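This is the structure I want to talk about, given as structure tokens.
The chains carry the letters A, B, C, D, E, F, G, H, I and J, assigned in the order they are written, with residues numbered from 1 in each.
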């Protein structure tokens, strides 16, 4: 543990966040996401929910301001009436750092999988909520 | 994730618990414990407290009934008035599985370190409480 | 060994089952299946039959309820009168967990091989029955 | 699988049996034995009993005829009335290959552990019987 | 060494033969064959001729009875009058195990190379005879 | 790069600082120190001076308040009149974080080497000043 | 450290510069460049600016005189008025070694990324200036 | 060192020469050749010229007599008047082993690079002469 | 294969023979010797007898002329009337290279084992003769 | 190759020279020295003599001025009249860099071996002269 670094961030996760550069993406995946089969760079964060992890990450991680949608969510299947309440938790956390203007992108399940495969890393959490997967695109530290 | 396996148990931790045999020990170490320098078999469980982890482990892990003290704690420095309240949490969790008769062993800091070095594995948690380190000795599944 | 975990499940197999996510597939291959040449993630379970292994796995492993056929078998060669009796053992085990409604998929030998190559892992058993290979698609733990 | 090789013998176990030479020892350990912590060369044989494994091994593995006790068992704790019936299974299997004259050695638990540490390999089985651990010393093929 | 296992079979070769399944192929290559550049799974058997090795392998290794040609040879260059006498040694060894009906397949040098690249393993021998390379396709143990 | 993390801290160094626990030590070694031969855990920080690195590290790294001397320097050889001015730079940086009360320990060259060998890691810098090596003992984050 | 080798050059960087041959390229990347995701051969040079590193490298590294543009920069986005002042630092350093005649090549961001992926290595610096990434093509030592 | 093996041949180079088979190629590359980026199997022979190395290799290495050009050189750029005198050294060495009839093949620089990428290994020498790169195709030992 | 190198010498064995220096020892072990457990550097030569291997090795390998006994044999157990005829084969091979004056050393079984453990490498052959193990101490190439 | 770096220095050797620090030692060993068995850090420099290598190394490598004998040679066996002429070559090379005052240390063969085992690295050359082994102790770059 270090002063000022949240305990939820593992040494390996911190290292990965530091290694990433402009345009690299990281996936925060829920407990049912096929994380291990979609990346060569898997970080485990078992037992934790994504909002708490997201908050800790965004304390250090700049979002990409050069693209329209630096944050990507997995969309609800067409026709399904389910409305993921965890999205509001995400918005709240993100707005604290980046203001209300940031618009998120929504991808269907299999398009999201393909995007995840190209990410720099996937963090496998224990998040139990549905449609809780989220991709962050790293911006620039000035 | 699997049915009936708590989300806090990582795949690697479950594997280690299964590999261990009669008499092998595992250390659940708090966030300030020098875990990485005291084992060749480090499992990280960043951000979690020890009572929740202990409860999940003891669901599967038998304590050694062949020894007097299958559970070991790091004792408070002599003369220090501090009374670790987390010990009561430990007792509560352990008694649910093993009854009130189980007596714990208390080792001073450096004796505890030496014991930890010989353990099968150390789990580095994010536990913030003081004197929260605990060693479990594995028993027999009959 | 752990309480409540069948002895037939090796630590590595348990780890793999936990790592897998929604949509990932695992192959339980009979003793003659070319397992080692069809995967980078081989788990050996020499000397065991598949029904006993299947039963132990399904105790923890949810089948995918989002697809029509979460279970896939290798079909008998066209025209061959052989009727694999082991399929009934499979059905019995699966129905205990998932009810009689689940319909299995049947693939010819070489299509099955291609599917197996894409699986998350292959478990090489010692099953002696013919046409005993089976693929399980993982579902969601809610 | 190969013609004439029992399915219970994994490729790695067969390789190890072939690599061993005169005087090298192998431990067949029961499900509760601390196998992983007592060897650098661990072979897993989860879910199997030791008599079946022993029989398959002795089909190929010569016992050392240059020593008094080529077979070693873990003895019952002094004073404990328990009489391991599995020892009779062992004797029956061994006598089929080596005749009734072979005398076994009995070591107490911790002496057995020290001996196991020096063995060429340990095979971790799922044997549920107590006091079922056995060490075999390899002899010469003439 | 083990009872009943020919000394010419190395532990690694035995392991590979056991790992192989239905349809997998192994190449026994002569001393001049470019073995190391045509496989990721190279087994060395320096100084031995192929007939002796073939005989030891076929003691355990079933040939594939589901295909027309479970055995493949490298054919003599068109127009070259050379008649490889080692082929008769091969036929003799193979017929002892499989009867005279088995028909071999003949491939020209570069087609043989391509086939070898896809094999499960290549055994580099010291065979000095020309056109002595041979591919065996594994069958089923019933 | 991350917000709030000085650019001089490499991802690997940050990871090591996070992995360390109470009582673990890290050596900041000057450009002539035999770093690679005194550790299994070498971090390179070529071209940088130690004061700048020290300042970045102490922003996150707590010093051990349970010992008398959490900071150790390599002492000037007895009788040598040289007075390392870099020690004042160290003191200034350390006092900003820990106040003026902290007393440093001084070890002769070869005792310092032995101590360095037991450290958790050594950071090889490009510091050109003489007697600039420094050891930090990690404290507790509360 | 060695006589005549600048302290900013790490042993690994020196090794890479020596390994490179005619036509191989190396990227000096600024602190926000996605270095780790664009190479299999990453060298870290955290906390340093690129001009100082460039000067140390060019002391030993010949530029390719067989091509028109042995030096490549990442161009400013079209329409953006920003004029990178660091380019003048680069020119000054390069001209000292190669004279004023050398003409640099300018690539847009994503073309630069593709070029970087094919480079022999990427050096991740801590350079804070924008548009500071630079690719050097190695020439011949005569 | 061994009796009868020239000191210029390293143990690794000898091993590679022995592993190669009929048709495999090895590149002897001059000091400026981009060796490390054109092979996965790099052998270093720093500081040596190619003629001495070639002579030592050809003492053991048969050239391929089944092809028209078992030796390949990198040709001088079209129009350049340079006449590599080292080619005469090569011819002299090769003729001693293979007679004057052997005709060499000449490839332009980039075609040579592509050919080198497919070779079994590249030996990086310190040869200072221009156009000194040479590829040898291995023949058969009868 | 190479011109002038016997086919019985594997590439790895040749490499090891070249790597060895003055005073280093190599063990040629018979088929029952516990080779794998007595070395970190095991070379397999399955199926071959030791005299043929010895002859091939001594063609290149100088024996140490600075010691009294550069060749060591495992002695017959005291009192046993057995007279190993293979020793005459060894003498014949050695005398061809070194003349009749060379006197061999004889060590009892367990002393031989301890000596073997310190050897540079052990070659595991398939030699079936008893008391056929032999240690060679390398001399100097002048 | 790089400008100003002699071609005889391999990238790995240069890296090792840079990694070494004050007091670390490197052995330049002749062709018969048991280099591979006396170090974990072996650098090969086959075919080269030691004087040329020594000259290239000393261009960059400072000798330790804090000890009486920064250079150590292997002494001639007592009573042997042999006078190694290569020592004069060494002296000449060393004096060019360090002046005539430097006194060398002489160790007998087996003491030299023990010293070599503790060195940072051993460079195995092809030096044919007797008593040509030499140890250099690194000094400080100021």
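Basically, a residue touches a chain if its C-beta (ideal position, glycine included) is under 8 Å from a C-beta of that chain, and two chains touch if they have at least 3 such contacts.
Bear in mind that the values here come from a model prediction, so they are computed numbers and not experimental data.
J.: Starting from the defined contact criterion, work out which chains touch chain C and chain E both, please.
T.: Neighbours common to chain C and chain E are D.
J.: Which of the two pairs, F-J or E-I, is linked by more C-beta contacts?
T.: Ranking F-J and E-I by C-beta contacts puts E-I first.
J.: Could you label the chain E-chain H interface same or different, taking same to mean over half of its residue numbers are used by both chains?
T.: different
J.: How big is the rotation, 0 to 180°, that puts the C-alpha atoms of chain B on those of chain J, in steps of 5?
T.: In degrees, rounded to 5: 145.
J.: Farthest chain from chain C, comparing Cα centres?
T.: Centre of mass proxy via C-alpha means gives J as farthest from chain C.
J.: If you average the CA atoms of chain C and of chain G, how many Å lie between those two points?
T.: Measuring from centre to centre gives 52 Å for this pair.
J.: Indicate the whole-number Å distance between the mean C-alpha point of chain C and the mean C-alpha point of chain J.
T.: So the centre of chain C lies 62 Å away from the centre of chain J.
J.: Give me the residue numbers in chain D that touch at least two other chains, ranges are fine.
T.: Residues 1, 9-12, 19, 21, 31-32, 128, 141.
J.: Name the graph shape formed by the protein chains and their touching pairs; answer line, ring, star, complete or other.
T.: Its topology fits none of the listed shapes; call it other.
J.: For this entry, which pairs of chains touch?
T.: A-B, A-C, A-F, A-G, B-C, B-D, B-F, C-D, C-E, D-E, D-I, E-H, E-I, F-G, F-J, G-H, G-J, H-I, H-J, I-J
J.: Write out the stretch or stretches of chain H touching chain G in their complex.
T.: 29, 31-37, 128
J.: Help me check something: in the complex, which residues belonging to chain H touch chain J?
T.: 1, 6-13, 31-32, 44-48, 52, 126, 128
J.: Contact residues on chain B for chain D in the complex?
T.: Touching chain D: residues 19-24, 120, 138, 140-142 of chain B.
J.: Taking the complex as given, what residues does chain G use to touch chain J?
T.: 1-5, 9-12, 14-19, 59-62, 141
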